[in-house]
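Next, two complexes with chain A in common: one pairs it with chain B, the other with chain C.
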Partner chain A sequence: MKSMTKVLSMMCAGLLMASVFAGCGGEKKAGDTIKVGADIDLTGGSASYGKSAQNGIKLAFDQVNAKGGVLGKKMELVVADNKSEAAEATNAMQKLVAQDKVVAVIGPNLSSAVIASTAVNTGAKVLVISPMGTNPNVTVDKDGKTKDFMFRACFIDPFQGTVMAAFAKDTLKAKKVAILIDNSSDYSKGLAQFFETAFVKGGGTIVAKESYLQKDTDFKATLTKIKATNPDMIYVPGYYQEVGMIVKQAREMGLTVPMAGGDGWDSAKLPEIAGKSALNKTFFSSLYSAEDKSELNKNFVAAYKKAYNETPDVFAALAYDSAMLIVNSIKTANSADSVKIKDALAKTAGFNGVAGSVTFDPQHNPVKSAFIIEYKDGAQAFNTKINP
Partner chain B sequence: MNSIKKHDLATLGACAVLFAIVQTLLFVDFIGPFWELNIILILINVILSVSLNLINGYTGQFSIGHAGFLAVGAYTGAIITVKLGLPFELALVVGTLCSALLGFLIGLPTLRLNGDYLAIATLGLGEIIRICILNIEYVGGASGLMGIPRFTTFAWAFWITVFIIFVIKNFKNSAPGRCCLAIRENEIAAETMGIDTTKYKVMAFTIGAGFAGTAGVLFAHYFYIAHPASFTFMRSFDILTMVVLGGLGSMTGAITGAVLLTAISAVLAEYPEWRMVIYSLTLIILMINRPQGLFGSKELSLKMFRLGGSDNGRATESK
Partner chain C sequence: MDMGSFAQQFAQQLINGISLGSIYALIALGYTMIYGIIKLINFAHGDIYMLGAYMGFVATTMLGLSFVPALIFAMVAAGIAGIIIERVAYRPMRNAPRIAILITAIGVSFFLEYGMILIATPQPRTFPAVFEASVYNFYGLIVNSQQILILVISLVLMAGLTYIVNHTKVGKAMRAVSFDADAARLMGIDIDKIISMTFALGSSLAAAAGVLVGVYYNSIDPLMGMMPGLKAFIAAVLGGIGIIPGAMLGGVIMGIVEAMVSGFFSSTFRDAASFVILILILLYRPSGILGKNVKEKV
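Up next is the complex of A and B:
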């Protein structure tokens, strides 16, 4: 028994020594490759996001390398798993910047993880693009100052309200709109506020503003009030659970006007809850649609399907765009120095990505295209792309 | 008695030497930021596993809500420094006390349970704490408490860890500690001998919870953020795994378990796809070969490495 313990403790000690040496000796010199890190969620609660993002980035670098790379060097991807957790994201970020000496990092997807790891990459002067970090604080600090090394590839949530206002006015020709807000969610309130501002500015009127709470199931009283104001369109920036019942009950009451919302509508459950026919003439705004007919996107979808045998989702598309933005900035800066890449990236204007064109504003938020998706007999169909 | 003191001093000296070596290596940048982070993570995990070992190993109460106390410490500490702008030292003290107080309040009713029932109660407790935090807007709700300054340094983490190990070691050798061991061996027999079992169980639970709180303060002030997702029951299981792997009831076992598992996780960061697979395989193989944990309930000491097993050689140890 005793000798067994001894052997095992020796083994432990050996393993530890080995691990320390592996850690310290692991610093490889940057040779003929440019290293870019991915701090993404490969395990844990949001693992599916991370997997898609990894596929997107890999595809981007493979395509670039097939064409001979950048500045005569190949792009190399170093992946670190952050287990969908803020503290682990910091750990992964530390590994990427300190050990692998990457010039830029893509990820994390979750806002909280990005915000937690910011101090690490800022201290090391390495830029980060978060493909899906929608929280405003990802790129600006508490005092409203832009964080130098932080960028995002998606637009922040409220922007969807502005996009939908333009769509309502120009495409649906709506003049009078009723808004139905989910009062328990900041997301919903933000969208509604931006929609109202933009729509009124464009000459429209808001005829009714009603609200509900999450988990409500009966909306008939509210909808009756709305029906009395005779709107051309109803804007419901909520989540699919309640939205499904709202659409269903509105149609039952004979409200046949178009209804619209944000990407909270993007769910396979929505047609089940609302019923396929009730969903006709409904629209929502989204960051990406695989059905976009642009040449760039068609090639991307085809290549992605060939490589992974599935249709790219929004995470894959935005991670692909993030990777391409970095490649583009390395070309513009004509250097693989992280600070120079960052400066070039901040000046990016009119970059063409698969999820639309990107121009960074002073807060490092992209001013970019949004997609309007329409439900047709329960299936999502691409309607229009709205450019900024 | 004298030899024990001498032994403690020798250990303290060894700690100081170890500290000096690591600090120098950090200073000359031989150990990069990634390993510095993991060394601190190891120290935090050592505190957690040693404090859980006090409850699970020494007192024999099966608690799996340790992440809850970690969360309480992390959030209280962060409130002290971020929201109130008070010094880090105070945060450490208040974080520890709040956690201990909660441990005491929770321990009183739940420690009347035992075995599986206590496990379920503490599991529930950990989740209750997390869900509460998730819904308190003051501490950031679901997006977590951000903007925590990085006050935890290697020196802080190291000496606090040494201090906690010392306290728990001495507690084990004190009269209340012996009562805890008696409760673990046979609760009915202990009660027959006149030991107030609930009192000593609550005492161990409170101390363990308090030190988990200390770990929480260190954790939050190293990673810049206190986020509910860091304190799920998976975290409790991680700590429990470290203790069980090292050997329930062995202080050195708990330390080794924490060091080993954290280091494995860090080394495998290179291979994200295989990380969890290898980690789990290690656990399975170790558990098949050593179901009682690496050290069982024995303590690792230098005399173990002697050939022939001289049993009374402690006083002659000079190193």
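Up next is the complex of A and C:
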């Protein structure tokens, strides 16, 4: 055990020294470009996420370079494929910080991959911003201490509960809400808890709090109980399979009040299971909507369509925002030094991105806008953007 | 909660419970018939119910049949599957110890579940809406046309089964085999044929339940049979295993208890309640509600 620790500490020391040299080398070679790495999933199970992210980052840097770059230098993107695997993400990170000597890294998209590769970039003092790593442990360690060089561009899952509480109170004018929780999922419990806290704080009442388990099929008994409490809205932060049946059975029971949930509702299967008409008056929270009418987003969608001939998805939008956040921090820091960029990024406040405004909290989680999507006759329609 | 709304909620839960219970009853009938005739707890029975649901899915989507022909198709297909399973898996074990045949049943159950995952993928499938559900409102009580349909079809099938068992020659033979297989054989009854018939009947009832559930919840998956299979087993024990009216009664009681527990306590206690019933009945009345305490012959 002891020798193991010794080896580890020696490795750490070696890594630190390597990073010192790397830093020197970077300064010297800096020349006329600023290198930013992308540790993304171009092959493997989540390859479509990585492809979108690459498109988003590339578009961002092309736009910046077309306007003359930053601090008189062009942005240069170095892409490393992590094959959708945690171990490969670490290798890719190693390559980016040691070999390519990038000043910042965007990615990985998967939380597990971000957490696995944290030691590498932290050792090399290079900041990482994960576009879609939603797990709270991406930016904080087990003791709740913020990881200095780790950031994310998306909000953490439970934040959706807070957003939906605001929407329920302000837009739906709901006063009494029933919550139906998937008891077998931490995601669902987290959303429900944040929803309840925010909704009660805003003066609302939770009239019923019921739960179900994954793979349940009959919800009529529970819904009958909920119906007896006369709620103005039902919050069901679950996944589409059970949510579909819950919505269907609720409508059959004559429960016509609005129903809402989180991004677990975002599936083409949902209208099939619940039925298109039953889904009317249902809403869910999401990180991004291409239909958002802000000037910034309209320009982004148009440029993206022109470059890649498709509508940007949430991965493209958040990777684009990540790239722009880094560019913005380089400008504020007035330096291409990784540590200075990191300090500037941590102080980011009111940054305008295509997926809404971003302000980093002390845990490096962005306090940001969220989007409410409504189902209308089985199709998703952008309803509103909620700013923090 | 005032008295009126309590009564209304109670009545609504009763309706929910009866429609759920008639599904359990249909599955429990097969359990009880098979136990009655070869003293085997057929743990693959819940998976026959799943198989029936998939057959109904195939009939409505790929063959384009309407509801009633699809129901018959699924029942016939599952009946044949039941005969094959008995022939291949259980008949060679007829004289083996009962524990061996029970383990075989568990093996068949896994075979059906994971075989279906192999063929149809583990993803749940959406059962097509074969007819629109209309909702009736009686003084605040909500009844769905599909709930009525489940109840009616269950009653018709149970009546049919009772007729077959009590008033036909095959039924008489079944009762004879169940009572004393050796004596029945001496009377010239082809026991193998009768056992096959029993499996076919029991399996087709389970398949009917599968199709009804597919239509009602419009979602089916390869592991859908596990929980209802266990619940139906409890229902069969509750009513008195081997007794046909007992299975119907047990099924309906189970459905109502589950609805009441989720409605007035918490839905997370629902499954626990079912298994508590099993423990209580085994402790205090192992022969079931309708069962008579028969002394074992030595």
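Brief remarks on what is shown
Throughout what follows, the second predicted complex is superposed on the first by the 358 of 388 C-alpha atoms of A that agree within 3 Å, B and C clash if a C-alpha of one lies under 4 Å from a C-alpha of the other, contacts with A are read in each partner's own complex, and residues count from 1 in each chain.
Note that in this section a contact is a pair of C-beta atoms (placed from the backbone, for glycine too) under 8 Å apart; a residue touches a chain by one contact, two chains touch by 3 or more.
Computed from a predicted model, the values in this text were never measured in an experiment.
In the superposed pair of complexes, A:Asn91 makes contact with chain B only, with no contact to chain C. Once chain A of one complex is fitted onto chain A of the other, the partner contacts of A:Val79 are limited to chain B, with no touch recorded for chain C.
When the two structures are aligned on the shared chain, A:Met253 is found in touch with chain C, with no touch to chain B.
Once the two complexes are overlaid on the shared chain, A:Gln99 sits against chain B while remaining clear of chain C. Of the two partner chains placed around the shared chain by superposition, chain B is the only one that A:Ile115 touches, whereas chain C remains out of contact. Taking chain A as the reference, the larger set of touched residues comes from B, when chain B and chain C are compared.
When both complexes are overlaid on chain A, the residue A:Leu71 reaches neither chain B nor chain C.
Once the two complexes are overlaid on the shared chain, A:Ala381 sits clear of chain B and of chain C alike. Those residues of chain A that touch chain B in the shared complex are 2, 4-6, 8-9, 12, 15-16, 19-20, 22-24, 26-27, 42-43, 45, 79-81, 84-87, 90-92, 94-95, 97-99, 111-112, 115-116, 118-120, 124, 135, 137, 142.
Across the complex, chain A is touched by residues 30-35, 37-38, 41, 143-144, 146-147, 150, 219, 223-225, 227, 229-230, 256, 259-260, 263-264, 266-267, 269-270, 272-273, 275-276, 290, 294-296, 298, 300, 304-305, 309 of chain B.
In the complex of the two chains, the chain C residues touching chain A come out as 1, 5, 9, 12-13, 16-17, 20, 124, 126, 129, 133, 135, 137, 142, 144, 213, 217-219, 221, 223-224, 227, 258-264, 266-268, 270. Residues 183, 210-213, 215-222, 224-225, 228, 241, 244-245, 248, 252-254, 269, 272-273, 275 of chain A are the ones touching chain C in the complex.
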